[in-house]
């Protein structure tokens, strides 16, 4: 039973991180039809910027804000100057985002070196609680809280604001949104940069969890996020939330009971979903 | 009187194919004009060309004397053109209310009053105001799409085949509403259903193989069986 | 536009000269150049197989490396376990062909199942194939007893392949034969149907073609060609690792077709030449200046530059230039008359 609770907490924390990465990816895919390969590099940039600022200022909050800010600006830069040139052209999008991923990942190595940087957890989250004999890692609980808050925030943004309405409308019919007098390109930039900032936040929170950041973490987490998107249903925000939690829980369970099979299990789950429910487990997205 | 919308020698293309060859059309303020012609003649493409959803290759299109060729779609819409596409273009994942709100440029008192009066035309929508658009019938979608084009103070409304695929009862309702709308607004109506066109429009243009070939008063066309037969396939 | 049934005399002469030039290379250059060119020939077929999907079917396959990588692993694993002999090589080829056609069949059944049209389907297909490719890569990574996992698999190759100069000619012949075969496929009635599907799938359906069946055939042909180039690559490299099954490997094919020009087949050869030469030059520069330790920066920049400035690749660029010239000639002719 103790193990069970620990595993659930681990899984949810993992799921929260995945969600930060996958939700942006999914909305970008849904709204702009862009298979975005820059997400992985934004993730490690978030991590490296956080480590850099945190070691300079010793402030967790400043580190997080810097990570989110830098990746947001990177998102604006990527979208305005590169991705916006190739809307509707899938192969070009894949190549251009991949090229940016390669460049910016190597830039990380140029700036911060090729060896991983280590980082501890901030003091106020470094402890554990012991409740009825169960060891609960504070930082993991914090991650879950962040995940829930962000999910709730995005939910409100999408469903209660006019921006959200326009984004949801644009996912289905971007041409019609334009024909109603709305400059959807501005929203494209906003959503892309927002997704980028979420990926950056994910990276910044990931580094203290595992204790280090490596430039190779980008592609690995990117593929995981893609798996979440496929499992959850493309372009569906709820789907990426559900998919993240599912993958996180499954991952922590398997890591305990059958270590070594984690990645196979993720991919296996995706295979099953693809074979039996290609629209995704939580496929609420408008099919068109 | 200077025209509200004037298109001269318009040529446009989709991909490699030229769809419109030479379209000339003029609409004055307050008029209701029907654009008639057989399937594939280029009527829908012309409306899309006006919105710059399809690119113009040659010719000029002016809205109150200002050229709108090459202007981004959203700016054209903002200049006061409401567009009701052939497939309604309703946002399924949004409620009726949200569909209308997306369309509103401002949510001030004036706009909301206008929305109220539009909804008076379509009581069906009022009842289902908070429902998801995905649950609506074809007729209700058409009504929603038309309402959406009316929530702003537009100079002209472009409506693409409102009667297509709808039951006769619904068409009747729509014709009624459109007649009321065309009393105050300037309307360009693409129609296959000649009866509908006659009910709403006072002028007509006929388009054939990407060219405007005939125009005039729709009352004259009603008399001219030969022309009807030639271009509209009306028996 | 690009591929016609008959070669003009002028074209034949150019091709003959090119062939003659390529035959001389191994006798006038060093080992590294010979290996580079062998690599270019083999990767050209890999890129060409991708062009069948992308250029002729409008299908973005992000799991294409599974065929290529499995081909390389097939020779590697078999050489290791059954000895480095020619018969084993032939068995590896047969295995690769069988695997590729079955894997392509399964992939096609999943991806082409859903109807619909437009970029959404392309994206869905891309994501699905990405996922399928990852399944194969993960399997290879976990199956350590056979593949040696992430460490990679090194093996000895048969005697007749070990001479680099001779292998250069094998690779060249491989490229020529495969190009002719794929060209024949593209020109065949099946190839024509595929192109009409790319232009307008609905219309092809109305004309009575079972479009899913044709797309499956196209994917199988591409898969087999990719697998065979993987077999050759395995022999060239004498080493296989899971990199060969990765998304990155697939994207190399995408890059090469884009650099060369899509829907042209021959573009793949140019693309392979350009990409491989740039890559090896960047690696060489590392001894010149330390910034080239980060050669990937420049390699990544190439992706971006190609997409933005050369969207139709070298072949496209060539046609644009010649078209302009033709237009100029015509214009001046009109002016004079």
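So that you can tell them apart, the chains are marked A, B and C in the order they are listed, and the count of residues begins at 1 in each.
Everything that follows uses one rule, which is that contacts are C-beta pairs under 8 Å (C-beta built on N, C-alpha and C of every residue); 3 or more make two chains touch, one makes a residue touch a chain.
This is a predicted model, so every value here is computed, not measured.
Asker: Touching both chain A and chain C, which chains are there?
Answerer: Both chain A and chain C are touched by no common chain, going by the contact rule given at the top.
Asker: What is the chain whose Cα centroid lies farthest from the Cα centroid of chain A?
Answerer: Computed centres place B farthest from chain A.
Asker: Considering only C-beta pairs in contact, identify the chain pair with the most of them.
Answerer: Result of the pairwise contact count: A-C comes out on top.
Asker: Once you find the CA centre of chain A and the CA centre of chain C, what distance in Å lies between them?
Answerer: 32
Asker: How many Å are there between the centre of chain B and the centre of chain C, using C-alpha atoms for each centre?
Answerer: The mean C-alpha positions of chain B and chain C differ by 49 Å.
Asker: Averaging over Cα atoms per chain, report the distance between chain A and chain B in Å.
Answerer: The mean C-alpha positions of chain A and chain B differ by 43 Å.
Asker: Could you list the positions in chain C whose residues touch two or more of the other chains?
Answerer: In chain C, nothing touches at least two other chains.
Asker: Help me check something: in the complex, which residues belonging to chain A touch chain B?
Answerer: Listed in rising order, the residues of chain A that touch chain B are 162, 165-166, 168-169, 171-173, 175-184, 286.
Asker: What does chain A use to touch chain C in their complex?
Answerer: 29, 33, 35, 82, 85-86, 88-92, 94-96, 98-107, 109-110, 219, 223, 226-227, 229-230, 234, 260-261, 263-264, 267-268, 270-271, 274-275, 278, 287-288
Asker: In their shared complex, at which residues does chain C touch chain A?
Answerer: 54, 60, 62, 110, 113-114, 116, 119-120, 122-124, 126-128, 130-132, 134-135, 138-139, 141-142, 247-248, 251, 254-255, 258, 262, 294, 296-297, 299-304, 306-308, 311
Asker: Okay, in this complex, where on chain B does chain A touch?
Answerer: Residues in contact with chain A: 51, 53, 72-75, 77-78, 83, 85, 89, 91-94, 98-99, 101-103, 105, 134, 148, 152.
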